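You will see subunit A twice below: alongside subunit B first, and alongside subunit C after that.
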Partner chain A sequence: MSYYLALLSRQDKPIYELKFGSSRQGGDGQPHFDKAMDDLTPFVVHAALDVVDDVQWTTPAMYLKTVDNFYSYMISAFVTAGNIRFMLVHETKNEESIRQFFLDVYDLYVKTLMSPFYRVTDKIQSPAFDTKVRALARKYL
Partner chain B sequence: MADRTPIVHSSTVPGGVTQLRSASSQASLVESARKGAIYERSLQRKRGEVSESVMALVICEAVQYLQKQAKGIADLEDRLNRLGYHMGQRVLELITLREGKSAKRETKVLGILQFIHTMVWRTLFGRPADALERSTEDTNQYMIIDNDPLITRFISVPKDMAQLNCAAFAAGIIEAVLDASLFTAKVTAHTMGTPQTPDKTVYLVQFESLR
Partner chain C sequence: MSKVRSVGEEVWKHKTDKINSELLTLTYGSIVAQLVADFDHDYAKVNKQLDKMGYNIGLRLIEELLAKTGLPRCQNFRDTAEAVAKVGFKMFMNITPTISNWSVDSKQFSLVFTENPLAEFVELPDKPNARDLWYSNIYAGVIRGALEMVQLQVEAEFVSDAVQDPSLPTEIRVRLVKVLEDEIPPGED
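Here is the complex of A and B:
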C-alpha cells in the first residue's frame, strides 16, 4: 500500500509533501507507486482540488472523506478552518484511520503555525515536523 | 506630527515585568528553545488568562515601535492592522482545533461573524463583543461593536492625532479570520464614543461586492 500526503496552501501551493507506504500487514513503510503513478500524484491531487472547492461549501465538516478517484486510487481531503487543504492519495478505503491521521496532522500543523517565524504560505521545513508525520503514518496507516 | 506618543498610563503596570524573569519560566524558555520542542507541547489551554498589565505593556511597546516607523496616522493604523492580521491567522486555527470533536469550518457569512463576535472575542478579551449589526444602507457592510475595548483601555490618544484608533490591531485580527475563511473583507476600527461609553469602538466590516 502506498500513500501520498500533500498540504496545500490557500494559493494551491504545496507546503509539505510526503510519500510513504503502509506499515500494517508486513508493509515496509516505503512507497511502492508504479513509475507512471509516482510522477502523477501531484497532478491527481490538484485535479481533486476542484472537487474540494465545490464540496467544502456544502458541509461544515473538516474531513471531507473521499472526494475523487483516479483509476484504483482514492483521494481523501481535509480542509482546515483557514482553508489549508490536506490531501491524501490512497488505495484502500479506511475512513476512520484516515480521519484520525488527518486530525493529528492538523494538530502538528497548528503547532507549526504557532511559531511567530512561520508565515502561512511558507513551506514547512522543520525536520521535527517530518519525523512526527512519519510516526503518525506508521501509527494509523 | 508623529513624535507624540499615545500615552500608556504607567500606574497600570504594577510589577508585572519582574514576574517574567522567575526561575521556572526561564527553565521552560530553555526547554522550548531545544530543537523541535514546539511539537512536544500541548495546544490545549492551560491557564485561561494573562495579566492585564503585561498585555497593556506589550501593546504599548508595539504601538511605540510601529509609530517610529510610520509616516503618519493612516500608516500607523495600517501597520497595527497588519500586526493583528498576523495574529488573526493563528487565532482562527487555534480556536478551531481547541473545539476538539465539535470543530467545524464556517461556511456562511453570518456564521463566521458570530464566531468572531463570540469565540474570538472570548478567547482574546475574556468576553463576547457587545453587538453585531448589519448596515441598513449597504448590505455588504457589518459592524462588530465593543463598548470598552481592552486594547485601547490604557491608551490616551493626543488631541492632534484624534483620528487614530489603536483598535486597528483588533480590526486586523478580524480581517485575517475572515480572509482565511475565504470571506474577503476590509475591516477598519472607528471610535464612536457616547457619554456612557467613551471608548466605544465600531469595527466596520466591508465585504467585497459580488457585482
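Here is the complex of A and C:
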C-alpha cells in the first residue's frame, strides 16, 4: 500500500512532500503507486484542497478525516492553526492511525517552525525533519 | 567548593525573576537570525557582533551577580571557574555547565554544556559555510565582559557546538590572559 504526504503552505505551495509505503502487514515501506497515479498525486491533493476549504469551517477539529476520493484512493487532511494543510493520499480507511500520524507530524512541524532560521513559506529542507517523518510513517502506517 | 553550588541554587530559587524559556529562546533566535540577514551570511562578523553584545551584557551582569550573592573574592582561577559555572550560569540561565580540561598551569579550562536554552529548536541555515557560525557566541562575550570587571582579562571562544554537530558537546574554552592590576586612569598622577 502506498501513501503520499504533502504539507501545503497558505499559498497552496508544497513545503514538504513524501511518498512512502506501508510498513504494516509485511509492507516494505516503499511506495508502489502505478505509473499514472505516481504523477497524478500532487494534482489529486490540490483538487482536494477545495473540499478542505469548505470542510474546515464545519468542525472545530484540526483533523478533517477523509475529505475526498479519487478512484480507489482516499485523501485525508489536517489543518493547522496557521492554515498549513497536511494532506495524505492513501488506499485504506484507517482514521485513528492517520490521526495519530498527523498529530505527530504537527509536533515536528511546530519544532521546525520554532527554528529562527526557518521562515513560514520556506520549503522544509531539514534532514532531521525528513528522518523523523519517515520514522513516524513506519510507526503508524 | 560545594558551597558555591548552594549559593547558586539559593539565588536562583529566591532572588531571581524568571521568564518563560521559550520567550528567551525565540527572542535570542530572532536576534541571531536578524544579524545573519544584516551581515548577509558573513558568519565571522555575526560571531564578532554576538561577542560584543555579550561583552556589554557581561559588564553589567557581574555587578548583579555580586550584589545578589555577596560571593567572596576568588582565591585562584579555579575558584573563578566554579563561580562562573555554578553561580553565574545557574542564576541567569538555570544551567550548570561542567568544568573540564584544565591546562597544567591552571590558566585554561573548558565549560561543557549538556543543555543550552538558547539553542533549543535551532537548525542552522542550509548554507555551506553555516558551520562558521557560533550560534551561542553571546556566552563567550558575557564571560569575557564579566571577568574583565573583576580584573581578569580572559579570552573565551567556542570549540564545538551541538547545534552544528549533534555528536559533539557544546564547549567553550576560557583562557586567562592576565590579572589586571589597578591602573591609574590616564592623565592623573
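Note that in this section the second predicted complex is superposed on the first by the 141 of 141 C-alpha atoms of A that agree within 3 Å, B and C clash if a C-alpha of one lies under 4 Å from a C-alpha of the other, contacts with A are read in each partner's own complex, and residues count from 1 in each chain.
Throughout what follows, a residue touches a chain if its C-beta (ideal position, glycine included) is under 8 Å from a C-beta of that chain, and two chains touch if they have at least 3 such contacts.
In this text the structure is predicted, and so the values were computed from the model without any measurement.
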{"item": "Touched partner set for A:125, first subunit B, second subunit C, both or neither", "value": "second"}
{"item": "Contact breadth on subunit A, by residue count: subunit C or subunit B", "value": "B"}
{"item": "Subunit B versus subunit C as contact partner of A:107, first or second or both or neither", "value": "first"}
{"item": "Partner chain in contact with A:115 - subunit B first, subunit C second, else both or neither", "value": "both"}
{"item": "First (subunit B), second (subunit C), both or neither touched by A:86", "value": "neither"}
{"item": "Subunit B versus subunit C as contact partner of A:57, first or second or both or neither", "value": "first"}
{"item": "Shared subunit A surface residues [contacts with subunit B and with subunit C]", "value": "111-112, 114-116, 126, 128"}
{"item": "Touching residues on subunit B, where the partner in the complex is subunit A", "value": "35-36, 38-39, 41, 43, 86, 89-90, 92-97, 103-107, 111, 180-182"}
{"item": "Parts of subunit A lying in touch with subunit B, wherever the complex brings them together", "value": "10, 56-62, 79-83, 106-116, 120, 126-129, 131-132"}
{"item": "Sites on subunit A touched by subunit C in the complex", "value": "111-112, 114-118, 125-126, 128"}
{"item": "Touch list for subunit C against partner subunit A, complex", "value": "22, 25-26, 29-30, 32-33, 36, 120-126"}
